[in-house]
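One structure, pasted below without further comment.
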Amino acid sequence: MYVVKSPLADADLKTVSEALQGALVDLVDLSLVAKQIHWNVVGPRFRSVHLQLDEVVDTARLHSDTVAERASTLGVPPDGRARTVAADSGIGTTPDGWVKDTDAVGALVDALGAVITRMRARVGSTGEADPVTQDIFIQITADLEKHHWMFQAENG
Amino acid sequence: MYVVKSPLADADLKTVSEALQGALVDLVDLSLVAKQIHWNVVGPRFRSVHLQLDEVVDTARLHSDTVAERASTLGVPPDGRARTVAADSGIGTTPDGWVKDTDAVGALVDALGAVITRMRARVGSTGEADPVTQDIFIQITADLEKHHWMFQAENG
Amino acid sequence: MYVVKSPLADADLKTVSEALQGALVDLVDLSLVAKQIHWNVVGPRFRSVHLQLDEVVDTARLHSDTVAERASTLGVPPDGRARTVAADSGIGTTPDGWVKDTDAVGALVDALGAVITRMRARVGSTGEADPVTQDIFIQITADLEKHHWMFQAENG
Amino acid sequence: MYVVKSPLADADLKTVSEALQGALVDLVDLSLVAKQIHWNVVGPRFRSVHLQLDEVVDTARLHSDTVAERASTLGVPPDGRARTVAADSGIGTTPDGWVKDTDAVGALVDALGAVITRMRARVGSTGEADPVTQDIFIQITADLEKHHWMFQAENG
Amino acid sequence: MYVVKSPLADADLKTVSEALQGALVDLVDLSLVAKQIHWNVVGPRFRSVHLQLDEVVDTARLHSDTVAERASTLGVPPDGRARTVAADSGIGTTPDGWVKDTDAVGALVDALGAVITRMRARVGSTGEADPVTQDIFIQITADLEKHHWMFQAENG
Amino acid sequence: MYVVKSPLADADLKTVSEALQGALVDLVDLSLVAKQIHWNVVGPRFRSVHLQLDEVVDTARLHSDTVAERASTLGVPPDGRARTVAADSGIGTTPDGWVKDTDAVGALVDALGAVITRMRARVGSTGEADPVTQDIFIQITADLEKHHWMFQAENG
Amino acid sequence: MYVVKSPLADADLKTVSEALQGALVDLVDLSLVAKQIHWNVVGPRFRSVHLQLDEVVDTARLHSDTVAERASTLGVPPDGRARTVAADSGIGTTPDGWVKDTDAVGALVDALGAVITRMRARVGSTGEADPVTQDIFIQITADLEKHHWMFQAENG
Amino acid sequence: MYVVKSPLADADLKTVSEALQGALVDLVDLSLVAKQIHWNVVGPRFRSVHLQLDEVVDTARLHSDTVAERASTLGVPPDGRARTVAADSGIGTTPDGWVKDTDAVGALVDALGAVITRMRARVGSTGEADPVTQDIFIQITADLEKHHWMFQAENG
Amino acid sequence: MYVVKSPLADADLKTVSEALQGALVDLVDLSLVAKQIHWNVVGPRFRSVHLQLDEVVDTARLHSDTVAERASTLGVPPDGRARTVAADSGIGTTPDGWVKDTDAVGALVDALGAVITRMRARVGSTGEADPVTQDIFIQITADLEKHHWMFQAENG
Amino acid sequence: MYVVKSPLADADLKTVSEALQGALVDLVDLSLVAKQIHWNVVGPRFRSVHLQLDEVVDTARLHSDTVAERASTLGVPPDGRARTVAADSGIGTTPDGWVKDTDAVGALVDALGAVITRMRARVGSTGEADPVTQDIFIQITADLEKHHWMFQAENG
Amino acid sequence: MYVVKSPLADADLKTVSEALQGALVDLVDLSLVAKQIHWNVVGPRFRSVHLQLDEVVDTARLHSDTVAERASTLGVPPDGRARTVAADSGIGTTPDGWVKDTDAVGALVDALGAVITRMRARVGSTGEADPVTQDIFIQITADLEKHHWMFQAENG
Amino acid sequence: MYVVKSPLADADLKTVSEALQGALVDLVDLSLVAKQIHWNVVGPRFRSVHLQLDEVVDTARLHSDTVAERASTLGVPPDGRARTVAADSGIGTTPDGWVKDTDAVGALVDALGAVITRMRARVGSTGEADPVTQDIFIQITADLEKHHWMFQAENG
């Protein structure tokens, strides 16, 4: 059987791997939610929101890859399957059907807000256990918070 | 309320929109499954399979976007949310944890095979109703079958 | 005198070349109309509509070239002169002077709608006569319908 | 109603806007004429002339955009619709059907010559009224005259 | 032994694989013939024809790859060896030694004409059996016919 | 001490160098004002205005460099320090804090208008003294007036 | 009125926003000072110093944008106006007129040294309050110190 | 009739042109053999060998062009037709049908070995007659031997 | 004599500069070891391992430069000479001669493991003394651990 | 015989064509002189001057092409042969052999100065006769004067 | 005084440096002659010859740089001044004024032929003295002879 | 055990492989020495020398790869480990610590001189045994001698 000798002590590894798994699920769901609204948005700001959402998708896909490969690097298999994402994501339910542009912006403010709160908690919990992983969470938080600002400013 | 005047007759629209929704779910799941194995594969062919899977991800993401935007174009809101994907995908269950490279290749042969069978049925069912959508399914089938060949050849 | 031995039978050639000439006129006019509004649009969505219209221009110019060269390929000289376009285009009259952004979007919804209806008829009429030409019309229809969706969604 | 406070005095604005509208019509027509011959040329120099004409098209499209946006900048709505182009262009009639390569070159010599003569008059008439617009006409004249040389040299 | 489970029924597979093998041989030979004349052409139009032939080579190489990989995808090993090409190509004999530019253009008109006739027959025979393969043949026909036009126009 | 032998007579040099120094201060301030609003804008048009302002920044930075290096070229040291810019800029005071998108557009209309008026005066005053410098001012005016149009059209 | 719900507690937000505002002023001024000397440097090392200063400008512009947008992200409007920069910058006065190359290098050693000292203090004060902002300051410090080394080495 | 005044003496020209014609045939066949196996390889190393073979194809195509144009340069028409290649190639027969990856590597070791032996003989025979041609053969030998090493190392 | 005024206190400087010198030696040696095996690897996975090793070389060269320039930035001259590397590297002896691919992967697992252990110690020891340097070590550790995972997965 | 109908009156044409021919000779010689010193410069500033001279070469080659093609455009054959350049250039004699870096900079200051003086005279003499040509001379003067400043600043 | 210790014996150095100086003069003149005809060519093949000549200019400029820098490398100052080129070039006189396209091709055949003859002599004379320089001459000869073929083929 | 059938006779192979191993060691050491001084240089020419040294590093790394892979190609495993380089390099000892820019240039003149002398001997000894390898040494010598010229010129 395949076992990676982790550079971390067991307790640290548990802390860090739970944080990574949680972040993976949130980020994969964020990419799916942003795409869902990218396809369903309507209203005068359609084009602007449509394009802006693809930048969120790019961010979410990039970081989900980083987070999953960090888990593998530490010897813990990541889980980013649809069923797991549907069950464990920190983002609330996205309604189906067309979405007005103002509601679309509001939905992203909420989704990003939910993920950021959880990501900041991960920054706090992993600094001792593995500063390398913490550094990854800090970068992700910075990027998500910047997107968050932009959607807030649009509904400001 | 937002209503798009569809260029298709009602019965045709029903046929085509069901085919598009089904294709969307299959392709989003294919992108998630391929990423899952991309992260969890182990064995001597690790690097080769790891890279090859990202090409499947690129194909699946590109075509899921085309298919979803085609649905919107015809006036039918697409649904690519995690819960929907988990419920309706044509791909069988992917086990969690590490995957040996030979099993990884086998899993892709199965996943691609399942999606191709359903996609060929969509090519058959949509030609009358909307040749534009059919043409999209033909392109997707060509790409998926090429990936299918390559994974089969590796386990040949 | 220059005569190209066409790969098509006479009746088929007549059907196909009329369809190509009609498509050429529609597409050249679409590029001129989209530019006209690109220059004259005003209102809060100015920048978004201004940029979006140039994407329509790119699509129309690209496909007008494809369609005209397909006619030449089949041995029929295409006609894309201003006088011919003004006389035969399927797009209704564009008013001169400044255009409010909402009206600009509406004008494109109408112009694209008119061209799409005629293009779908061409898809239907050329499949027997020349599947190569039909395939070109299918690609054009797909692109035009995608633009159509986006403008509809903006006024949705 | 939308009114731009023009940086020019009324009489100057009239002079300049008429020059810009005339240049716009000439340049749009030049792009259509060059494309028409691009598609219909035949003869031993086919390939060379076919490629060269697309460079004229690029020049004409680029400068028609500059000229139209300069008019909008000065507060005057430009008019580049097919009907207007067909009515007001300074270029003579282009015959339909195939064109021998030597005749194609001659047609461009004539078309460019006609546009250059009018453009030089615009350089002369606008220097007092608006040196910014005059500078644009100078650049356009330089480019058109260079194309003119090349077609003359080919029939030299 | 290596066996691919083909998505096609046996009779359909036979039809499609013979068409693919025939297309492969024609396209490989077209690339060799075009290179042969690329190297041996002489006369005042040397440079123009020399460059144009490399565009034919690019088309032929690109599509020969597509066609061969489509055969492998369907579970049928393609055969593009020199001996097979020499025996089965649909293009007539190319003489050795220097070729005058006018003759070079004529030779390409003939070679492309022969391949197009056979390719159109393949479009007709494969539509029922496999629309994916048919779509590939349609694209190839479109490209070859465009080259055909250009060489005809040069000797027009 | 460092003295450049200027190609201009003393009186001409005085005229030209004062114009260049004035233009430098205006352009540096324009880049700072546009950035300030780029960071502080809020409202439904946030994204569109945010992006558009960076294009103004690019224009202002590019031309401030050209203008400063032109002064050095003529032997006159340019002065683009914060204190000088704060004291001598032709742009009125920008308020601090968040800016509604409509106000942001209005602020740019005013700022660009103020700079354009002064720049046109410089075009008028330098033509005799140094046509090389005048040509630079003409190019700058053309670019600034185009930005001016776009912001006016948005509030149109 | 526009209020962003900050992810930070009030006291932390005060600490962090003061640090960000201070950093913004320092970095904008650094970009202006480096440009000022870029234009006014003379002496045998002119070209080398002239080019090197533009790399400092790039660094300062990039990081001033990051810092200002971080402030907006946290709900605090940044202030980068000329007057504010002139009043609050941590960089000493830059003399006007030509600058000998050796003095230019010395001026940059001083300017960078002053900014680095303040930036290191910000790294120290923000770690508790907001690790995301601290991480940004660490990156900025690393870049500034590398420039500092290079200018020191040149006068070494 | 077309005669190029060769810079070489007659005996030298005979030596050199035979060497160039032999090299052309070997290189064209190498490109066909490598493509044949590129399409037919199966087994766990499929992807690696599939990609590696396209690099051999690139090398063979590039050098066949160089060699053929060198012959034309010296006044001798090159012959790269399928029939000539099938008759004169120095590479042994390639079997048809699927090829196991280990056999594929072995086939390339043999094919490259055969061509290298003949190419080294050409380096030896042409040094006196034409050092320019010899230099071309030396470059080709270096590239082919590097590919040879890599395939040997894979079966090592 | 050249003395840089370090931003660090003496004791901190000693800690940090020893860590940087140690990291430099490890990274230079890692680049040499990876190249050595890149040249000497044999076996069925030759191509995959050969390419993968060059990615390790790129990482090691990039970071050795960063580390050495950080030392210079702090006023401490780095030492990356062959003799120093041979004496102080933390990587065990690499045997000479050919290396089987499985052994090559194992050698990299060992080499990367040794460097990572030492790099994590440096992350721990430098956080107090200089967070800027610590941040560099964190980035390096992240990159090395990712490579480590990949080689482990290949022998998994 | 080949005669271009010039858009200029005879007297104007004489003025403009003499100016263009003079500019052509100066610019070709400038490119040769700059290359000559590029190859022969020695001294501590070797690398900096060596690179800077190639930027002068680029400017001179670009503008010599523009100027010569402008002459052809006006129907006057340009003359840029070595003998003509050697006889008519406005640049003084360049000594042969190695050149100290300080002398190299001085030589360029002189050469550029000589060409600028003559180019400014051409700006003055051609404004009436042909504003298009004048505009070209203005751009050239701007570029040459910028190079002039930089070389002066280096010896400042 | 500046003396480079040459790696060659005195007699060898004399041989090699004379060959390099001769080659430099020939190549600079070739670039000037090709440009001269590039500007003055007229006739139906204008465009084709005009473009082809710029490729000769590129070759000549590239190799003149290589040759001049090789001389400097060996310690011998190169001389590429207009006067030297006019006096020592191996290319016969180019007439002034317009050149018919057929004559233009003939002139290049002659010019290239003259340079090639002298370049081959240099290949012969330098092999003993300096194989590095000889290798450079071999590459130049290969490139020039390829251009030579193409111009010959055009008049063939 | 892995044995490559070398294309060379045993005695030739011994000659060539010793030359290749010697060249490898020299080139790896040259890359390390150039980096060492790149990091430690100080003085007014810091920036120029710092950049120039990275070009030497690029050359040395590129050619060390070519040389090592040539050895593998001939069946002889290359040895580029730190210990081997420290023991066998032809470059003298580089002192540790800061290096004044003038001394840095001198050190490179010496290091390059030492490597060139040995490389020229390898050109001489391998021509009979393997012209392919000799050609590689000739290219390397040309590049190293060009760098040598530039450093000599800087201290000239």
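Structural remarks
Just so it is clear, A, B, C, D, E, F, G, H, I, J, K and L label the chains in written order, and each chain counts residues from 1 on its own.
One rule holds for everything that comes next: a contact is a pair of C-beta atoms (placed from the backbone, for glycine too) under 8 Å apart; a residue touches a chain by one contact, two chains touch by 3 or more.
Bear in mind the structure is a predicted one, so any value in this text is a computation, not a measurement.
Number of steps on the shortest path from subunit A to subunit K, with steps defined by chain touch: 3.
Here the chain-to-chain distance from subunit B to subunit L, counted in touching steps, is 2. Mean C-alpha position of subunit A lies 42 Å from that of subunit C.
Centres computed as Cα averages put subunit D at a distance of 62 Å from subunit I. For subunit B, residues that reach two or more other chains under the stated contact definition are 2, 42, 45, 48, 69, 72, 98, 135, 153, 156. Shown are all chain pairs that touch, namely A-B, A-C, A-F, A-G, A-I, B-C, B-E, B-H, B-I, C-D, C-E, C-F, D-E, D-F, D-J, D-K, E-H, E-K, F-G, F-J, G-I, G-J, G-L, H-I, H-K, H-L, I-L, J-K, J-L, K-L.
Those residues of subunit J whose C-beta lies close enough to touch subunit K in the complex are 2, 28-29, 32-33, 35-36, 39-40, 42, 64-65, 68-69, 71-72, 77-86, 89, 94, 96-98.
Residue ranges on subunit L touching subunit G, taken from their complex, read 41-44, 46-48, 50, 98. If you check the complex, the residues on subunit K that touch subunit L are 2, 4, 7, 69-70, 72-74, 131-132, 135-136. Taken in their complex, subunit G has these residues touching subunit L: 45, 48, 52, 102, 150, 153-156. On subunit J, the positions that touch subunit F within their shared complex are 116-117, 120, 123, 127, 134-135, 138-139, 141-142, 145-146, 148-149, 152-153, 156.
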